[in-house]
């Protein structure tokens, strides 16, 4: 088991290095250098820059350095927690990201828990009652859940909530709680502001997972060991929940790794519609205005989260399925 | 009628009478069992032999009431008598998932399957899976259950029972897994063990070991066995009596000696001729003409007549032969127009 | 005679011999059984037919502006003097809310004409035509669904948008299916170093969260290119991100078939790699590939919409459903001009139908599911 974890960790480290490299490559992709963006901005403000100043800026941004040198500068600074300076606000990238990332992760984790708690029982029910009316209804609802784009659902719920005066748009906290220390009341207040986002995020993921759960369970129910379990005289409920679900749940565990970052990302559109200040809208803005240091850093951080998620998924899988441990 | 086959008044563990099971699929109705009747004498090993798709496994599963839910029971009785002096109960009177039925499964009647690789749950240790049955039917005490599990593992000849109990199925070989399955099936000392091709997936050496083990366990515990197989060689090794099945019917029923030395039904004869024998390798090995008919269609008359070398035209293709007693003393019966 | 004998006789002719039916016909039969999927298929056929005839069906060019028709509601249609007509619009200022609103002027009917000359287009991209199914007198507009903030006809835009929205995701998946199948087969069949290399590459690509990677690549596209080029590039991005999943699935399948006895038999018979792959492995994996592909289409369509919605995908003046949704982002727009949400409805129907279709195919090709 320890061996397995170490192997996974080494693998992950290597991947992170390569990912950061590719991530930086993408940062450099957009046409026009960082300098052009900066110059345009200064000119827009009405400023005029001399040739010497331009040359100084070139050195500062390392425009003339080869790719590897620029990468090295970026990555060493990033490792020291200095992710460069956003062109847009001249504010430290690191600071801006951490503020929002926390909320994104929190929101997504919450949605994830919700998803799991809902989709497993529904998937089991759907599989064990295949081709019955409830199964058809569940299937139909799932498809609707999958087919409705999250941001539209967000919009509709937002309209309903606004009409009912049930939500304050555009922030995470009411004014009186913004600077207050964490307390239960503050948490409730946060919930009041983000519940639509949680619902929207959970609906799509739940629909998908329920579907997977149903399909897996149907596969597993055809396995010989299910018949063995029945032949022992076990109650059908025990057969399903002890013997079948434990085996059917593995892909769900594996999906856990990718689901967390997927939720963080899925929240991009939803948060844009709901004007919730999380990492998603920030990433989008950065891309739109070609603030590539910010965008690239977020991309690498998200990849990092994905890898961590995968690692957690793998470890959980090893815990659930004894076969994995000995591979 | 059809249940007159055993003239000897012996004690049967299970008596199946005119069992009919059909499957309703998208492509049509499959009549898997067309009135199967046979008995399993107490303390004996009954071999049920036939080609793939003849209904052997469905018969076994029917006794456990574990036929896939698409299969419908369309008549017949399955009488089970736990003790020689006890009352018979009709298993089909119980609901599939009723407490009574579950009380029988694994406790009075247990079953082992063909694929040792997939018949154990990969997520639980072998010990855990054996204890599960013991805890269900025998004792509530977990410590006692685990002790009994190791006991039974010792009995089935596991070299290191305590270690095996804490192993996962994927850590064991096919033969070991089948031993574990047998241990699980026998953990509650059942009256009847249904073994559905338990050695088909194993190599010959392992097969011999497992058969020997089953024979030994059968003698030790006194369990009756219904041994489903397509292999006549295996039948010769383990069975006391044999029922030959063809297309959802028992076509011949006799003692193992009679089946091999006095076969009556043309199908049984053909089956025996298709076994390769050492020292007699002159010419091609005989095979049965044609193949098993499409399961969705029905054959009129004797189901074997399209492939039968001695079919009587005008009779075999229109009238279903009834069960005929060939030798009442030995309980030898056959369903063939040649003997009516 | 026993009871059995009277029950059993059934002529063989009355029963179909199922064993004789080819595999694909059995699949069609099983597919037909899931009615929802059949309905989905029919809906998709209708949508794609509408898309092919979209220029003919659309009364106006998708970018034709008319400030007199800004936010015009759906046109009222009536029969006056035995003729199908709509009405000219009267603009009035709501003095309380300070907003223009429109009423149909029932005294001024506008006859709806059929097969009228309108803007020029190329049918199927080849045949130049200028005939449209319907229209009204020059200078006026009929907006059967309504108009957007610039007075562009939403119905015409919806039709035109389908040309991108219904094809981009589809082609993207098609490309990814080809890449995924080829790479997956190569990886699974040849194994060894090739497999290792491909698997590492896939692992690397999958280390990036797909949507952010998607957004980053889209943002890196050169801004000033022609619509067709941008369409093509976005298709490529979709394919680039989607093929990895498919390649993994195909590899898994190929690997299991590779180790099967019939492959061993083919190898023993001296069959070439090409023969084994094309005659034994791919046909077996094909049903699986089709299912995964079909189920990937709705995601790809959704991706295009999301990208365009965010302003990183298809850009105006080109129009796709995602582009149209940009106008439906705010609560105000939707409550005042609900017809702006129609692209969403069409999009949901499309995606829904593809899911149903894929689900039906999966059930049809897998007899045990």
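Order of writing sets the chain letters: A, B and C. Residues in each chain are counted from 1.
Operating definition for what follows: a residue touches a chain if its C-beta (ideal position, glycine included) is under 8 Å from a C-beta of that chain, and two chains touch if they have at least 3 such contacts.
Given the structure is predicted, the values throughout are model-derived calculations rather than measurements.
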Report task. Name the chain pair with more contacting C-beta pairs, choosing from A-C and B-C. Result -> A-C
Requested in this report: Would you mind checking which chain's C-alpha centre is most distant from the centre of chain A?
Outcome: B
Requested in this report: Averaged over CA atoms, how far is the centre of chain A from the centre of chain B? Could you give it in whole Å?
Outcome: 54
**Report entry** Whole-Å separation of chain centres (CA-atom averages), chain A against chain C
**Finding:** 26
Report summary line: Taking each chain's centre as the mean of its CA atoms, chain B sits from chain C at a distance in Å of 54
Query raised in the report: Okay, in this complex, where on chain B does chain C touch?
Result: 1-2, 26-28, 34-35, 294, 296-301, 318-320, 322
Query raised in the report: Across the complex, what residues on chain C touch chain A?
Result: 36, 203-204, 207-213, 215-217, 219-220, 222-223, 298, 302, 305-306, 309-312, 328-329, 331, 334-335, 341, 344, 347-348, 351-352, 355-356, 359, 368-369
**Report entry** Residues of chain A touching chain C in the complex
**Finding:** 15-16, 18-19, 22-23, 26, 29-31, 139-140, 143-144, 146-149, 151-152, 155, 158-159, 162, 215, 218-219, 222, 258, 261-262, 264-266, 268-269, 272-273, 283-284, 287-288, 290, 295-296, 298-299, 302-303, 305-307
Query raised in the report: In the complex formed with chain A, which residues of chain B make contact?
Result: 64, 66, 97, 102-107, 110-111, 113-115, 118-124, 129, 132-133, 136-137, 168, 170-171, 181, 184-185
Requested in this report: In the complex, go through chain C and note every residue touching chain B.
Outcome: 1-5, 8-12, 15-19, 26, 29-30, 33
